[in-house]
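Beneath this line is the structure, given in structure tokens, with notes to follow.
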Amino acid sequence: MSITRPSGRLADESRAVSIEPGFARHAEGSVLIRVGGTEVLCAASVENRVPPFLRGQGQGWITAEYGMLPRATHTRGNREAAKGKQSGRTQEIQRLIGRALRACVDLRALGEMTITLDCDVINADGGTRCAAITGAWVALAIALDKQVQAGTIKRSPLRAQVAAVSCGLTDAGAVLDLDYIEDSSAQADTNFVLTSEGGIVEIQGTAEDAPFSEAEFNALMGLAKIGTARLFEAQRAALENAA
Amino acid sequence: MSITRPSGRLADESRAVSIEPGFARHAEGSVLIRVGGTEVLCAASVENRVPPFLRGQGQGWITAEYGMLPRATHTRGNREAAKGKQSGRTQEIQRLIGRALRACVDLRALGEMTITLDCDVINADGGTRCAAITGAWVALAIALDKQVQAGTIKRSPLRAQVAAVSCGLTDAGAVLDLDYIEDSSAQADTNFVLTSEGGIVEIQGTAEDAPFSEAEFNALMGLAKIGTARLFEAQRAALENAA
Amino acid sequence: MSITRPSGRLADESRAVSIEPGFARHAEGSVLIRVGGTEVLCAASVENRVPPFLRGQGQGWITAEYGMLPRATHTRGNREAAKGKQSGRTQEIQRLIGRALRACVDLRALGEMTITLDCDVINADGGTRCAAITGAWVALAIALDKQVQAGTIKRSPLRAQVAAVSCGLTDAGAVLDLDYIEDSSAQADTNFVLTSEGGIVEIQGTAEDAPFSEAEFNALMGLAKIGTARLFEAQRAALENAA
Amino acid sequence: MSITRPSGRLADESRAVSIEPGFARHAEGSVLIRVGGTEVLCAASVENRVPPFLRGQGQGWITAEYGMLPRATHTRGNREAAKGKQSGRTQEIQRLIGRALRACVDLRALGEMTITLDCDVINADGGTRCAAITGAWVALAIALDKQVQAGTIKRSPLRAQVAAVSCGLTDAGAVLDLDYIEDSSAQADTNFVLTSEGGIVEIQGTAEDAPFSEAEFNALMGLAKIGTARLFEAQRAALENAA
Amino acid sequence: MSITRPSGRLADESRAVSIEPGFARHAEGSVLIRVGGTEVLCAASVENRVPPFLRGQGQGWITAEYGMLPRATHTRGNREAAKGKQSGRTQEIQRLIGRALRACVDLRALGEMTITLDCDVINADGGTRCAAITGAWVALAIALDKQVQAGTIKRSPLRAQVAAVSCGLTDAGAVLDLDYIEDSSAQADTNFVLTSEGGIVEIQGTAEDAPFSEAEFNALMGLAKIGTARLFEAQRAALENAA
Amino acid sequence: MSITRPSGRLADESRAVSIEPGFARHAEGSVLIRVGGTEVLCAASVENRVPPFLRGQGQGWITAEYGMLPRATHTRGNREAAKGKQSGRTQEIQRLIGRALRACVDLRALGEMTITLDCDVINADGGTRCAAITGAWVALAIALDKQVQAGTIKRSPLRAQVAAVSCGLTDAGAVLDLDYIEDSSAQADTNFVLTSEGGIVEIQGTAEDAPFSEAEFNALMGLAKIGTARLFEAQRAALENAA
């Protein structure tokens, strides 16, 4: 008899997703993405300048910052602004989000423009970095559409949709879309950032306790494709909603 | 013929207020307060310890931290966590929120417990510190009620309601509850923190350009009483809602 | 029978004031102000540039920095330079001093020039921020006179005198010019920054323990007018002395 | 006709490896690892205490710190100690090294002891994080052997060898063990941390420019097994050398 | 015909010295030392604890901190507290002051007590570190006398007087007690910290432009003995004054 | 019968020195200097720009940075990059190295160029700052020779060799070239930076416990001349080796 997941979900069942556009009213694009109990506010800010290392090269830049409200978690975490520095975890995540989004944008077609994606976790229940990437893509797409409509750029430089999901090895076997309880006790946890065209943008697989096998890894990859397919749908629905 | 306010509001008309409890699901008490276009998430965290300077003195502590999401404003602001320090403005505001709430709590009756109020601005349209105080009071009250219900404390140590509103001298005269446009061009801006029992907790009056007179100050004080009366009502409604 | 003040002063009696010009020999203007046991060295530095946000706008800037020598107090405080950051209190005070002085200067008439007021507390016995404002005004006036004499500016852009005093509610009732002992135990403490022409520049009123009433506030305001009248006189005497 | 690698190496040919024990004379274990032109000094320090979050739990801890000498690179980089903070990249790498080594150690068998692996890059020519992991494992093994010999622990808590190699997609196709030139222009770069028993400890795959396919990923994985097999041999040789 | 010094002083003529006790009223010992145009406030703070590395060893500690008010100099310097760190120069000087004073105190006889010497430069005209050492010794002696009188320690643990002077090679040859103008253009500058019993506590000699000879160094040493002899007298006079 | 040195060396016997060029392969000049058990990697980086305070003055700049690998010492030290600041000791040493090298270079002849000497201690056994200066001089000379060969500068702006050695008063009397054991217990420790032409560049003498006499100081100076003579030879041999 097999062990069931704490949430009662099937192994290949992801959590309910909702992507609500327009939450940050001043931003050029924004969404509040909810993946189960995880809620992340993603806001895209467009600026007509590029960082120093890109000046005069006729291309744009996409970057991201990530934060967690102190009480997004079960027990209050210290405020990074008060501590005076961002943790290694925070920096690692915001670098990941930036890379993931750059991989789906034609930076030359963007022109000399910087788009910053602020991803702030309002409530955390596992998978915040994946939710951030998935939501940030929609915020970015909305901001880019607005540039096209305003005539600042001719066509959207987006080359594909990008979404992310975490899969892991738990007592219930290989499962899709870990929540906090599963994440805390998984033997392995892998984040997959995939494109709507079947490409791999980033894979971050980590054995928490004991190493895992190639077969196990392949099972996780299979689940990730199922999970991101659903996320791509939710992204498209949100974009239509925002239009 | 008199000059009208940019929003078309009457001089003594405050903005629509809504206080939605439960937004930060893990917090002991939380609300999302909306005052016109300003939205602040206020979360109360209860911890069974006191800061070093209060140890062994049989009393509790209330403190606050304030932050603004980078894109809460018209143009993106730098993330304080990334800059590595909180601005003077941020520190000034969080000290104000803490003092305002301590003034309405019997810290001895609270016992050796610290309650931290995190006030994070999601959208800013003027008056964020006042909205933070008004909302934080409700988050605090919810958290205290929960302690009473759990038997951790015998009775709520709250002595009164506390709310805050800004009044200012603008081209339209003395007006209640400044929004961002009014705030940017006001000749004077005063924040009043008042209690439901008619007491003054804090007054911060600042001439932005030219000094103002005692008569003008008294007019602002009169408006503040009208404004906070409405806020006290909204607080009570939210508390009933949360119960 | 009424309770007397710890110092034996009458309720409306302020402490002895002396303002000694020229203490910081290299500064364009400087004074050592003594208010009872509180001593603050105020130095004005003139620079021919403005901060980035004012460049090319044909106006000047007045700003202030505040510090306390580690042993200005009863027990040694940590040196902020060694801790690596200025406390919230320090930043709050230096922002206040800057605002107070800007409110009495015609920044357009000043031209593209920055004047920095360094206020360093040598000995502290309550009311250091008020002494800093009162002394900094004199240092500023001396520095401006020197500019006029040198022909750098045509006429002094000073529009009024500015001085500050703290008043509070103590066991002896509403009293003028709190010293350290009174400050530590006052039920309410209000700093008034007023101009020689009867205008209000800044009011910072704080209930330390229990809220206070409007009548009590008005009593404090009355005392502040008495106190600042004496300070304006001392400022004028110091200026004549410096000329 | 196929494109050759800049170094003339075959696609599945890794660079020369040497692991010289004993370079940091005071350390409980140390090696200087050379992988082609990349040189990393790895030093293991044993301390009889554990971090606060592990106190009293009867288990040990393995952690790592990473640094690069300012002139390890073609052009001088800023010294992180002088800048006052470690970059996001540095933190990401040192977190990776720590996780990789913990995955091959039985922390309970280690007992209440912390081992810190300092990995400092003397010369950089691509693959510094992989060289750091491979070398740090040997430094750790030497330090653990010394503990066993000294009787501090009964048996070595090492469960397997761990080594790392980067593979990437370049103009010459999927290749093993990228050097700096290849790393700078690779379309995808994946770091594999594998165990001598065939397990996966960590996979970090990143598309630099365009997404890559699952087939391409599998080719990289195949190369990684070849590359790490050689590294495991070099580790064993170094350990015998050190004994 | 020989070149004269900018000040008209003879080669072996030091500047006027005055040492005024009691300037920092709350400190256990304090002086304002004036050496020509250089003025340093030195305050000794006594605390009944020792730093962690000395706990339980039955001895005391003497340490120092140094600062310069922003406008102690011809042009305003940045405030170190605002910049968020002490400069290398500041740290070097405060380490020197601490070492110099420890060399004349029997730390065992002091007992488990820490005395911190805060040396803050009010006006700078060359030789601030030497003035700080000379003045700090008096502040320390006053504080120790107070401890003896209070019975906290049996006898003063001071073993000798310590004073410091800078000598240098200028266009006018080897000269005693450099002022700012001389200091800025000296070919060599040497600080001598000597004891009243003829001992050398510290020598810091630096060639600014070209190396200097042993004969030149000996000439500077000879001047230093003359200069410190006068400082020892001034210290004794100040101590009598303070008693 | 006299007390012998812990190492068995004679009083005027310095440790074995080796200077191996080319250790940092990317640097314009580099050496690994070994003085007994002390090993320092010195790397010279040439950049075609000068610091802001020298711009447009037609002269160059020489500066230095110093660091110690965390496990260069008997017990592991904290990594300064992780702590977020360089210690006072580190800053003091790097300022010393920079001054020492500038004293032997004609900065005008160098032209608008900055050379940074990174001195990183791999293994520490006393005298690291002296080894750093001695080694950095060779790295600098190699880098300058390369500039001359490349025609960037006409002739080497080096005016002399510079080397440094520490001498001290120990139980075995005045001795040359202290190792760690001697350094930890010396009554006085003096660092001498001398030129090959007999000039003094810097003297830093410190009494650790009790003051020392002029005669003792002269004995140390005599030993320093012997010690640096040997270092100048080693420098010349290394340079020939590098050519």
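Each chain gets a letter, A, B, C, D, E and F, in the order it is written, and its residues are counted from 1.
Keep this in mind: a residue touches a chain if its C-beta (ideal position, glycine included) is under 8 Å from a C-beta of that chain, and two chains touch if they have at least 3 such contacts.
The chain lineup, named per UniProt: A, B, C, D, E, F = Ribonuclease PH.
Since the structure is predicted, the reported quantities are computational estimates derived from the model, not experimental observations.
A.B. asks: Over half of the contact pairs shared by residue number: find the pair among A-B, D-F or A-D that meets that against E-F.
C.D. replies: The chain pair with the recurring interface is A-D.
A.B. asks: Could you pull out the chain whose C-alpha mean position is farthest off from that of chain C?
C.D. replies: Comparing chain centres, D lies farthest from chain C.
A.B. asks: By how many degrees does chain C turn when fitted onto chain F using C-alpha atoms, rounded in steps of 5?
C.D. replies: Angle of the fitting rotation, chain C to chain F: 120 degrees.
A.B. asks: If you average the Cα atoms of chain A and of chain F to get two centres, how far apart are those centres in Å?
C.D. replies: 51
A.B. asks: So the centre of each chain is just the mean of its C-alpha atoms; given that, what is the distance between chain B and chain C in Å?
C.D. replies: Using C-alpha averages as centres, the distance is 28 Å.
A.B. asks: Mind checking the centre-to-centre distance between chain A and chain E? Centres are C-alpha means, answer in whole Å.
C.D. replies: 59
A.B. asks: Which positions in chain A are in touch with at least two other chains?
C.D. replies: Residue numbers touching two or more other chains: 84-85.
A.B. asks: Chain touch graph shape: choose line, ring, star, complete or other and state it.
C.D. replies: Graph shape here is a ring: one loop, exactly two partners per chain.
A.B. asks: In what order do you meet the chains if you trace the ring from chain D in the direction of chain F?
C.D. replies: Starting from chain D with chain F next, the chains run D, F, E, C, B, A.
A.B. asks: Which residues, counting only chain B, touch chain A once they are in their complex?
C.D. replies: 23-27, 30, 37, 41, 43, 45, 47, 65, 67, 69-76, 79-82, 84-86, 90, 116, 118, 120, 122-124
A.B. asks: Spell out the residues on chain A that touch chain D in their complex, using ranges where they run on.
C.D. replies: 85, 88-89, 91-92, 94-95, 99, 103-104, 160, 190, 194-195, 197-214, 217, 221
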